[in-house]
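Chain IDs A, B, C and D follow the sequence of writing; residue 1 opens each chain.
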């Protein structure tokens, strides 16, 4: 599935080092997840309405080059691993103009209910599980 | 009531102009409200647990001088007007080291329930209303 | 000039009231300014490279209805007033799905140099001034 | 060295999951670094004034339990490894009221000049290097 998410750097995202602050990348990764689920036909907003949440258990990110105000950034994601309890996702962020790699990251999520207790996604939302399983196999 | 809230500028709050981004001031004003209600003995977290919310209806802020990384900022607030349906608050932010005025602002809030429908605070939470009324008279 | 900027609500932009936090709207307004200057053919990143900055002197925003995760928001801006020293801009934010008005705001900016000292834009950047003057007249 | 940094959760830091958004932890870690360098007697703002920067090369964080609005959080840091080119730091974030572990993380930084080119800190800022070396040995 085509999953590039195009992000225009916001001025507020820069810091006095004149590059985008590192805390912004997890937000871009999340925007890419939102976009991905939308394109998959099962928006994350719908998932939450069905009582399922996907909190982060782990975040890891390597910063290669600073994104700057004026840049457009392409965030790509791929499903690394899916189990009924967990989801692992990989990301890259590239500068659109020259293709430079800006950052690479991974997130590990738990499938939970609204009280943040871990659930079995395969049982609770078999349609969603099947959809994501197909993606993970790619 | 003594209501100064001391805020150490965070690096992430700066932008490439090397001053704190303007969108941070509403967050500092909010931190000052949290601190104020805590000192008043009726923390805002308790207010929400009792089913009452205080969303913003209007924000206004004048920016006088830029706060910089390395600065400590003092945010003062005072209750401008209280009615059973609304709350108006005034703020100033000064640099601690030299007392320079950085910004002045006002917020207008509605007292609402969890569905963001306006309520009558005087009826629903008379203790809280009384407390704030005393503050507003100062 | 067509100046609608489409913004997909980010999960991180919501707060526990389940709506977008009010401090996010100034960032959306800024994203709309970036987009506007880009469409005008004089990107704000270029303006800064030429030694000109446009810090905020005043912000005012009225919040009508909460934006929610899952919403796409349309931010429109128009130049309210331009002088060689200042720029006033008006904004509206609407929910794309039903056209509901979410917020209306205004910002007042000063044209300054890199030391945040006010300049005369008409003299220092006549081409940019002319471009924006045409916009302000619409 | 005593390096606990006390952080009051800000309302804006929560998301609609009613916990603090994960992107906030890197900002808290950074606030802890600011506090740590201040207590060490060599504020980070001074380091930057001397032409030295400390951009992030890698971030890793494990999220154990959600911080909530109303919580005070204690962030502890310790120097894991120092070389003339790099700095590794470890962090924990605990809820103050009950001591619950909220998150654990690590950051890897490069010592650079203002153009983000790697420098040799031991040669360029021997006093600072010595100070931090003593800390790293603890």
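Just so we're on the same page, a contact is a pair of C-beta atoms (placed from the backbone, for glycine too) under 8 Å apart; a residue touches a chain by one contact, two chains touch by 3 or more.
Here the structure is a predicted model, which means the values were calculated and not measured.
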Between B-C and A-C, the pair joined by more C-beta contacts: B-C
Option in A-B, B-D or B-C whose residue-number contact pairs overlap A-D by over half: B-C
Computed distance of Cα centres, chain D from chain C, in Å: 33
Between chain A and chain C, centroid-to-centroid distance (C-alpha), Å: 27
Chain centre separation in whole Å, for chain C relative to chain B (CA means): 24
Contacts with 2+ other chains: residues of chain D: 11-12, 16, 23, 26-27, 30, 48, 69
Of all residues in chain A, those that touch chain C in their complex: 8, 10-12, 26-27, 30-31, 34-35, 43-45, 48, 68-70
Chain B contact footprint on chain A (complex, rising order): 11-12, 14-16, 18, 21, 23, 69
Chain C contact footprint on chain B (complex, rising order): 16-17, 19, 22-24, 26-27, 30, 48, 53, 55-63, 66, 116
